[in-house]
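Chain nomenclature is as follows: A, B, C and D, assigned in order of appearance, with residue numbering initiated at 1 for each chain independently.
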Amino acid sequence: MTTATTPGARTETGGYAVDVVERSDNRMVLSMGPQHPSTHGVLQVITEIQGENITKASPEIGYLHTGIEKSAENLFWSQASTVIERMDYLSPLTNALCYYLAVEKLLGIDAQIPPRANHVRVLLSELSRIASHCVWLGTGGIDIGALTPFFYCFDLRERILDLFEASGGARMHPNYIRVGGLRDDLPDGFLGRLDAVIAMYEPRMRDLRGLLQKNPIFQDRTIDIGIISAEDAVAWSLTGPVLRASGIAYDVRKAFPYSGYDGYEFDVPVRTEGDAYARFLVRLDEMDESMRIIRQVRKKLDAPGPVQIPDTKFAPPPKETIALSMEALIHHFKLVSESFRVPPGDVYQAVEGPRGELGYYVVSNGDNRPWRVRTRPPSMYNLQVLKKLAIGELIADMVVMIGSLDPVFGEVDR
Amino acid sequence: MALGSGGDFLLTTVDSVARWAQASSVWPLTMGLACCAIEMMTATAPEYDIARLGSEVFRASPRQADLMIVSGRVARKMGPIVKRLYDQMADPKWVISMGACASSGGVFDNYAIVQGVDTIIPVDVYVPGCPPTPDGLLYAVNLIQQQIKQGGRGGILARA
Amino acid sequence: MPSSQAPPAGSTALDPTAVRPDIADARILRVTPAEVRATLSGLRDDGFTMLLDVGGADYPGREPARFDVVYHLLRMPVTIATVAEVGTPERVRVLCGVPENDPVVPTVSDLWPSADWAEREIFDLFGVRFDGHPDMRRIQMPDDWEGHPLRKDYPLRGVARERTPRPSFALKSNVGAGTPASGKTAAALQKQIAQARGQAKQEPPT
Amino acid sequence: MDFVYIFRSMSPYGPVAIYLAVAFLASLAFCILPGLVARKKPNPVKSQAYECGVEPTSDVSGRFPVRFYLVAMLFVVFDVEAASFYPWAVQMHQLRVFGLLEMLMFVVVLAIGYAYVWKRGGFQWR
């Protein structure tokens, strides 16, 4: 029975008919659809299965397309970070940081960012990397049936979100990074709470490793599942933990250091097997490396210092000076009403996000709004390799593969 | 529930017992869309623990769920699917529109986002915030429970 | 938030991609659709094994080629490599100008399988067709969607809702939205960058 | 306290029969009553098959590979085996060595079947 409806055409009841492929022997076309407990978001994988084996898998994305890049083109330069932060909602600060680094490069003030601002930016990036890996480990464990790590991970993430709330004001999208540095300095009780998180991290990580790392069931379900060779990883342009689990140690923090990352010593965890278990180990080691960086940043945060470039043409003047000096008031009003202008040009700025190389290709034509903000979405390319990996595997293994690739659909669908 | 005069039996209407049972086990449907889905998951995590309200069982299929939490922005491609899931849920059913994007399109006033999920399906409780804190979601589930107990939809005759 | 339904009127959408030599973030090549495949396969054999991203951009005013298809390449070892062997890989940015009347570019999804979805997205959001692509259909928008949303002449709030009035309280920006800085402002901006960069004298680009 | 008297006259299996009858009737009630009492609100989409929110892609009447039934049969066999441990476990002390040996024989017989299926690849899905 072949029904060659055009793929995705709307049917009369308003649903979406998918392309029903030729059915020779007892194959079945199944839509692991947008609403599915273990697709880590709104992913639809149209799988042609023979019993439990998958013979053809074609992921369909776009179910969370938010038109973020179009919205960014209609907002001021500093307003655009509101929508851009909502792209990768597991590590919003990494998105904002990458976008603002690109804008600062266009403005030519990237060398002037005060050191304390860079330290806090590195601290926030590493904290959001740990928080994002916690969500991945929690939900990935549930896919395999391990419920306990979910509670351990989200409790650790809760402590980190408290830090974001204390510094930036909001748990998930604090909008704390601005052009030229930060919105304002860290609150005074912040460093004490940071020490509490650093102290709590080590025992919690030992529990998490104890729960899963040598667990035979977990190992059976993840070893030799979704093997990606180094050559395939480069051909499918995978980056981040997925690439490093296949043996190539490409980390943007080492290759193109930004925000003072070359000042910290940390190493890049690499494995060569390239299967789901290797990706699991790489991400766990990466969380330890992030904590190592956080300890080094913690020492540097004691010294007070400015967190914003003094040039009030780009960064709003401190609130208390507005009532005093006429010029500060004018600058403040000009920035709020029509924002600053960025000289024309285009730039590609990359940052090492939890999912891989997150890049922003920002184009400006001298206007007070970005002309084009193109995002290089690491999780879209990491997810695309599912087409090749899922052939011949069991459906249960495909769920493990999706979890190990760690896609975030705000970023895949933009 | 009025205490019986005999003292040893509780006399109450069957309807309020049904409403008490329905209110204390409002099972949500796993339909996480965007950032609010992460806050919904955090609501089930130990810190906020939606299990205290009896709603920690997130059913994957709409047939077994009676509360749909639209958590996140609804894209135009996802709209018909949300409508279809709502139709396939068994009555009586309730809807929480979690977050600004689900309630009104939020910061995304553009071509790709449905400007408020109430243009597609009837909504019972709107939760403000972008994303709302898990406390906001717990309070929304409380409001749903109050709606059930105070005689809205539900009860033994399941007036839809 | 300034209301800008129509594209910035009268903006001489100058080609910003060739103005800033001072941002040395990648080697930039400008090609035409005819030679894009040759350049890219040449670069691939030359060692640029990873096609990081294929992006699109729309410059409505620009005469020879309205659209830009931007290929980001990265030199990456193909075998097991440590951090030292990866070192600081070289980046290349290939800009392929595409005319407005027949926006067709040969596909590179056979050279790099990762280009498949990226090219589908550019077709979906910009309307630039890639001939030779195995599965040329929309990826982000529903399949029966008309128009290509990321084009500058596509209204922000979609065709259907374009005429709905913006809320009256929306701030009317007092600056002609989208007119690029010119004359004294442009000079001031450049002087500011020069001063920011600490270079004594920098001749502002025209 | 005349209730006790009635039970003594019934056969020892009386309470078991009552227990099974009540269990059966209760479960029957739970299945039938909601269908009768609840208010029906059919709509065309609700009657269609649920498939993750999209149109059902293929009718479910296709043929299933035999492996599904093989796995089901194996489960039934070993589930019944596990269930039959319970009565033995309750009376384990009274039965002492004789019960233990009897149970071991029971397990060994089933283990031979288990080994045979394992070698023939009944558990391998591929």
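As a working rule, contacts are C-beta pairs under 8 Å (C-beta built on N, C-alpha and C of every residue); 3 or more make two chains touch, one makes a residue touch a chain.
These numbers were taken from a predicted model, which means no experiment stands behind them.
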Most distant chain from subunit D by Cα centroid: C
Chain pair showing more contacts of the two, A-D and B-C: A-D
Whole-Å gap separating subunit B and subunit C, where each centre is the average of the chain's CA atoms: 42
Between subunit D and subunit C, distance of the C-alpha-averaged centres to the nearest whole Å: 62
Subunit B and subunit D: spacing of chain centres that average the CA atoms, whole Å: 34
Of all residues in subunit C, the ones touching two or more other chains: 140-142, 149, 154, 156
Subunit A residues counted as touching two or more neighbouring chains: 10, 13, 15-16, 33-36, 62, 65, 67, 70-71, 413
Contacts with 2+ other chains: residues of subunit B: 76-77, 81, 84-85, 109-112
Every chain pair meeting the contact rule: A-B, A-C, A-D, B-C, B-D
Contact footprint of subunit D on subunit B as seen in their complex: 61-63, 81-82, 84-85, 87-88, 91, 156-160
Touching residues on subunit D, where the partner in the complex is subunit B: 37-39, 41, 43, 45-46, 48, 50, 53-54
Subunit C contact footprint on subunit A (complex, rising order): 6-10, 16, 61-62, 65, 67, 69-71, 74-76, 79, 105-109, 111-112, 230-231, 234-237, 239, 247-251, 254-256, 267-268, 270, 272, 311, 313, 337-338, 341, 343-349, 357, 359, 361, 363-369, 371-372, 374, 376, 380-381, 384, 388, 413-414
In the complex, subunit A residues that touch subunit B: 10, 13-16, 33-37, 41-42, 62-68, 70-71, 82-83, 86, 89-90, 135, 138-139, 150-151, 154-155, 157-158, 161, 171-173, 409-410, 413
Complex contacts: residues of subunit C adjacent to subunit B: 140-142, 145, 149, 154-159, 161
